């Protein structure tokens, strides 16, 4: 279920199929999750979003697991049910253990708490933390 | 500047000084940032918050740098100016390079984008991503 | 289902019925959606909210479709399931096509991404963008 | 400073002056804060917003101080600098002490933390908490 | 259902049982809601979170009902389904009537509206509202 | 000012200069705003973000002004100071009048209010609003 429906592989246009194929090849899986099937009604957004995700989540100075943990942290902060479910699964696949998940949640919870304490108390930024002082 | 003002070390009660001392010893620094000085008007919250942070950000299955990156990710998602500034500084101290910061931001930005695409398109959670299926 | 239950037309007080009637007449429909039935337990809020919506969403310098698109954009950003569903339906009724919905989502996703890049990178507002310079 | 500028009392139209007068009379003050001066460029929104605020924040089953505390709680959660500053001042005027402010912040911080723990852990709502069971 | 599953009382470790017992004794109930059962996979977070909640929601200058109202206000602002359901139930238990709930929602809705008007109009903080002027 | 500093045109690498040139040509301006200068420390993100923005904000079924209005709506909802300032300027350039800005803000404020009323009252989605019923 999704606003514009889900585009299954067999009914996809060649353009959409090409993206689906690249997703499965890159992720070494044999299925496509609903997020992409929902976007497929807009091939331009499907392609752009996948290309961006592929570039961003690929090899770099941060390892894939760390990137997935960050994705879950953002999704939990935004309370996005679909994203929490899909990226928690993704993080597990990248190596996240139960203990790591629990620690991740503890940090996310704490950050959300202190974010509001800092704002609510109207705390001024310390001079040492200003960008120009911090490089 | 802060709603209840800032409590400087010299004017702090012994109870507050003890927390300040523990913060500096744990972090191996010789100064206290404004966040703690603002909370110090409520010693119970000061102590509880510090003890929680100390426990959560301490050694575990996630390394200190990863935890600081997650903290920055949450703070940027929440648009908390103070927290972005202080935890970006904290992450640098824990080893974050310019390249790591840039990758972190790319992931945070992307996650905030796809969170809204998933919600806006009303994408249903794939059965494979349900908690009971995912352990 | 709703916290205080739903007030159906037949069991509504004359005061609530009057608002229901105005909603149906204004929207040219013959039914009331759950949002109003849930608010009906508090007639003052029901009336005030409806009067505000009616005034705001009515004719002005922005056309009704544009206003519904903006409503969906805010609801998707806030991840409000009910509001995304009801205002997506409302936007369709006002003329939104599948292609327009897809473009709307693309803009909403991008804005949520760059909002965090701007905050996370601690970008200072350009002088030319300051309100006093921008009129 | 504000996007459309600030409308001072002396340059206001009679319609805007009438709202300003009602704000000062209701709040027993002799000045108008910037929020209203910014809205005054749109007299319809100025009047509607003020009438709503006046109705909602007025006498009811919740006392004025409780309502101001709730207003600060929402503003701190949303990280709205202007609103935190103005409603913290409003809450003080309504009787909030330093100790009450500190307790308020502690609750707000904790709620923001557990909100993310509940979402992040994908906790299912207990049957006893469902609206139909809870009346 | 929850990411790591739910830990029932009978299968809990003595450490977790001790927290469960304290929750039931403090709240004068004979059952544990899913939130705690989900956290129980991480005994350190379970204990820390419960101890914090117990301290913060306990007797102080704000009464228990006011604290529960604030908790609901934050949860509704963050759109956390679980937390809205559980804390609405908690607020009822602490004495919240239907009329109080309706007033609470009206304030929460209004605050969320004016928060965006203030930010969107780029309203500058009045000098009188600055922390240093407001003590 | 920005976390990694701002990259001015004269000190930019050829790769960054090419993006700057395309931004100025596309927007028919002779300057680059700070957002891009901040991202320029990460040429991959600079290019990807600009290419996405260019594609999304370009000609389509929604006109450029509508897209800018949506961008401001999201930015105001997220309380992103930089984005509100820059996209309000962008919307003006695309034709937004003072009256349109005021209407936009009214819709954004109202949507943020009713989003929380819908969530707070735990309103169930009407069957007629479900995606499968709404196509």
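A, B, C, D, E and F label the chains in the order they appear, each numbered from 1.
Everything below uses one rule, namely that contacts are C-beta pairs under 8 Å (C-beta built on N, C-alpha and C of every residue); 3 or more make two chains touch, one makes a residue touch a chain.
What you see is a predicted model; the values in this text were computed from it and never measured.
Enquirer: Using only Cα atoms to place each chain's centre, name the chain farthest from chain E.
Expert: F
Enquirer: A-D versus A-C: which interface comes out with more C-beta contact pairs?
Expert: A-D
Enquirer: Quick check: how many Å separate the C-alpha centres of chain A and chain B?
Expert: Here the centre of chain B sits 19 Å away from the centre of chain A.
Enquirer: Roughly how many whole angstrom separate the Cα centroids of chain D and chain F?
Expert: Here the centre of chain F sits 27 Å away from the centre of chain D.
Enquirer: CA centre of chain E versus CA centre of chain F: separation in Å?
Expert: Centres of chain E and chain F (C-alpha means) sit 33 Å apart.
Enquirer: What are the residues of chain B that contact at least two other chains?
Expert: Within chain B, the residues that touch at least two other chains are 1-4, 44-45, 49, 52, 77-81, 85, 88, 99, 103-106, 108-110, 112-117, 119-122, 130-131, 134.
Enquirer: Per the contact definition, I'd like the list of chain E residues that touch chain F in the complex.
Expert: Touch residues, chain E against chain F: 72, 76-77, 79, 81, 84-85, 88, 104-105, 108-110, 112-117, 119-122.
Enquirer: Of all residues in chain E, which touch chain D in the complex?
Expert: Checking each residue of chain E against chain D gives 1-4, 31, 33-35, 38-39, 45, 49, 52-53, 56-57, 60-62, 66-67, 69-71, 73-75, 77-78, 80-83, 85-89, 92, 97, 99-100, 103-104, 106-108, 110-126, 128-131, 134.
Enquirer: Considering only the defined contacts, which chain E positions touch chain A in the complex?
Expert: Of all residues in chain E, those touching chain A are 3-4, 41-42, 44-45, 49, 78-80, 131.
Enquirer: Quick one: in the complex, what on chain C touches chain D?
Expert: Listed in rising order, the residues are 1-5, 44, 48, 52, 55, 130-132, 134-135.
Enquirer: What residues of chain E sit close enough to touch chain C in their complex?
Expert: Contacts found on chain E: 79, 88, 98-99, 101-103, 105-106, 109, 122.
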